[in-house]
Amino acid sequence: MKYNRKVDFPIFASSPHVYLDSAATTHKPEVVIRAMADFYRNHYGTVRRGLYQLSAQATRIYEETREQIARFLNAKESAEVVFTSGATEGINLVAESFLKHRLQENDEIVISILEHHANFIPWQQLARENKARLIILPLDQHGEIDLTALKNVLSPKTKLLAIGHVSNVTGGINPVRQMIELAHTAGVPVLIDGAQSIAHLKIDVQDLDCDFFAFSGHKVYGPTGIGVLFGKKKWLEEMPPYRYGGEMILEVTADYSRFKNPPHRFEAGTPNIAGVIGLKAALAYVSSLDLAQIHTYEKQITDHLTQELRRSGVRIIGAPMERSSVVSFLVDDIHPHDVATILDSQNIAVRAGHHCAQPLMRYLNIPATVRASVGWYNDLEDVEQLIKGIIYTRKVMQ
Amino acid sequence: MKYNRKVDFPIFASSPHVYLDSAATTHKPEVVIRAMADFYRNHYGTVRRGLYQLSAQATRIYEETREQIARFLNAKESAEVVFTSGATEGINLVAESFLKHRLQENDEIVISILEHHANFIPWQQLARENKARLIILPLDQHGEIDLTALKNVLSPKTKLLAIGHVSNVTGGINPVRQMIELAHTAGVPVLIDGAQSIAHLKIDVQDLDCDFFAFSGHKVYGPTGIGVLFGKKKWLEEMPPYRYGGEMILEVTADYSRFKNPPHRFEAGTPNIAGVIGLKAALAYVSSLDLAQIHTYEKQITDHLTQELRRSGVRIIGAPMERSSVVSFLVDDIHPHDVATILDSQNIAVRAGHHCAQPLMRYLNIPATVRASVGWYNDLEDVEQLIKGIIYTRKVMQ
Amino acid sequence: MKGTDLYHPLILKHNKNPLHFKVDNDGDKINAYNPICGDEFQIVISIENNKINKASFHGYGCAVSKSALDLLLDRIQNLDIPEAVAEIEKYLRVIELDDPPSSDVYSLAVFQKVKFHPARRECATLGANAILRHLRERLV
Amino acid sequence: MKGTDLYHPLILKHNKNPLHFKVDNDGDKINAYNPICGDEFQIVISIENNKINKASFHGYGCAVSKSALDLLLDRIQNLDIPEAVAEIEKYLRVIELDDPPSSDVYSLAVFQKVKFHPARRECATLGANAILRHLRERLV
């Protein structure tokens, strides 16, 4: 089994390295790279605008991808799928087009201390601008989001709950289903930041009953520059456009404009067509493997990783009840940046820093962590290499 | 010479067709397609975040591309180059981050009736929201933007002039240098929508002295999903962020955030890294040809096209003094959509419709036009085919 | 003619010489407008005893929208409202949902070729949708 | 050790046993903080007769930021302010602009390897930039 799952990913042939930073971005299987190159070489055309065949084809594939994504997420219909440039844009879109107009002075937005900056700053700034309050849920003694705290803060003033599905620092899988239920009972809509779950957990937006779900293509074996925002139709329909330009309008006069229905209302200008083609190939790749299988496999690797790390005596940050494919740790008192640079000299790629989660770092009272994260292409050998690398790091820094 | 310039573009080998819709989007040379595939296959990593070599390399190429673009536009420094998802986003960014905060009730924004929706609706909506006025410059008797009208409207109330460099309907090259001078004399900053000029004219933002210049990669032989906004440093520095997320912050606490300097302040989240790599290859391709040579060559083709169209008795829309590579026309009383569909049956790709310029269409009192636009890969044979196609169209529809 | 070609002789004929293209103000006025392509027709349908006994249109549109509307008007003439609604719905299923045309869609089946020209789908349905909306309102 | 490796023995030595790492409150206090990586040092420089006669630091940082600061303090000790400014500028040119190190940058040249680790450049310059800013202010 050693290394054979890496054959789908050309990077491991050309640059043999232990890649343990899939939480930042995933490598791309050949089918994804080829789908985009093939599109540019043989079928390129713009979407929606053209009456000729290349454009008609491109439009068809573009809209078929939307349907495929709707199925992938189990959305009710493809009109609930909006193409964005990534999770960050998806979340900003909801802040701008959904929440801004609903937010009154003294209203409240609820997030958690675990959030990535992408699901933190947009709400912080929106709250600021509208004299609303940002409520940050703390962690309980197990390092999980405190559900009692959530229950206590939900009120008629709460206008949105925005929560990451999986923490990109601790790897903890948050009980989003339960949180959504609590929020809905209080009449509060919920956005799920799915950046860290999309490649690892089966997502069913109807079962979750989330109001919005945002993710990035590049974290699920797809290209950069493309992402998806799922939004319940009833919300999308009442939301004003996010940006203005071509392809999102029905009619423009000197005085007023009328806009298309969702999802096109939110897709101004020429979209990232090749990005959509690449995402289509990436989701087909993931579907062909089956997310349940991916999850089982990755869990095995991650459990082994956690266990070996623990055995090697490093300090693991957070002990989530359910862990996805991410582990953060500290090696003695060696600065995480030094650990990552020395591991890099051994061709091991991990991340070190605050992981765009400065509030969490401050909360945990650590300036940074080393983070190892697992993708489909990782194997037990990678774990072994990492542990060896940590031993080497200690030797260098002793 | 017949067809040999097409060899750089694989699409013409796999799908032999007469492509006269480069104003909508350009086909990609093999060097661009390969640069992106090579990046994903051999060098993929995320930017800025990683301490390991793949990420360091990606970051280096990403920032080198910024420098290359600064040179391409002759910007003073690379910090004036912001990566966007396209011209549409660039213009929306200026509306949101630059103009919104400066716009008071009864202030004025000046555009022209020639503008593409991307450079029309953002200003219309911003004016609406802020009870400001949108002033739309008319055309003079030659179909050019009326400069006297511009002089007359500029006043201390004018907060921005936003003008397309080249009309995507008439192909007219607007006297933007003169307009910028007039505007600056009145103390008014100027945004140039460069979507239609970037692939055809040498751009020198210092010589133009424009305050902002926006374009899309996909119209200059580059990939979809990537674009550039040039902005003068003094403006970018005073502008608040456009979107919030990772990589654009210095510090985030529960209560406040501090943001990076431009350009990174405007690039929240994981950027379209492969798009940047592709754009780099596209601009290198264009530079290797030399824009002056491209312009001379395209002018020759476009002049021939205009002349042959005229000879064939179609009605050409607009008679700009200086024409870029775009010609709009009407074939007798045949509906433009019918013309385009019948031409498509002859493997000729042209565009028909309002070209995202409904206000101009209404102004000219025509519902739509047929548009043929020329790129570097077109040749005299393409013109001949189009003329034959028009004759065929007439035969079908007679 | 290729299998994907849109311009069936019947379309060209009804574009050039539509049967119902005239200005007639005698009946229900229906406006069919597609801002995206600028096509706009004024349709007039006169209904007596719940039956469409006269139908005409004028305005501006492409060969597809014009001939489709002309053929549709011809088809629903002399039908009562529920029959006309059923007829139009049947047609729209062929065009919008790619249902196979049953023999009784008659000549209108020529428009199914728009499936190879997705941007033209709305041309084939512009008039039909406007009339359908109007007739449904009358039914309530 | 590969040519790109960052951790020169000198860096490791000064990380482990810095010469100037102590808490000393006697002098100008300078804060060097990089919010992006969380590194933060309190630097104390005592200046007499325009000359740096004592320098120390404490706080938290990586091996690179810590050793770079330690070596730099060692280097500028006993210099007068303009000399120290010139010295730091020379060093920053090597690190930030990839200038070839002249022989008189001495041991600090080991940090030029950060050019292979762009994300670490700021580690090598964190202390230097803070001190430079402070000394320039004193010069005015």
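For reference, chains read A, B, C and D in written order, and residue numbers begin at 1 within each chain.
The working rule: contacts are C-beta pairs under 8 Å (C-beta built on N, C-alpha and C of every residue); 3 or more make two chains touch, one makes a residue touch a chain.
Source: prediction; values computed, not measured.
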- Task: Determine the shortest chain-contact distance, in steps, between subunit A and subunit C.
- Result: 1
- Task: Work out the mean Cα position per chain and let me know which chain is farthest from subunit A.
- Result: C
- Note on the structure: When centres are defined as mean Cα positions, the distance from subunit A to subunit D in whole Å is 38
- Query: If you average the CA atoms of subunit A and of subunit B, how far apart do the two points sit, in angstrom?
  - Reply: 31
- Note on the structure: Whole-angstrom distance, CA centroid of subunit C to CA centroid of subunit D, is 79
- Message: Could you pull out the residues of subunit D that touch at least 2 other chains?
- Response: 35-36, 117, 120
- Message: Two-or-more-chain contact residues of subunit B, please, as numbers and ranges.
- Response: 50-51, 55, 251, 337, 341, 344, 353, 358
- Give every residue of subunit D touching subunit B within the complex, in rising order. 35-36, 116-120
- Which of the residues in subunit C end up touching subunit B in this complex? 2, 4-7, 12, 15-16, 35-40, 60-64, 117, 120, 123
- Task: Note which residues of subunit A are touching subunit C in the complex, please.
- Result: 48, 50-51, 55-56, 59-60, 250-251, 258
- Item | Interface residues, subunit A side, partner subunit B - complex | 10-11, 14-15, 17, 21, 24-25, 27-28, 30, 32-34, 36-37, 40-46, 49-55, 85-89, 91-92, 95, 116-118, 120-122, 124-125, 128, 134, 136, 216, 218, 223-226, 243-247, 249, 251-257, 268-275, 337, 340-341, 343-344, 348-353, 356, 358-359, 362
- Message: Help me check something: in the complex, which residues belonging to subunit A touch subunit D?
- Response: 334-338, 341-342, 344-345, 353-354, 358, 361, 367-368, 396-397
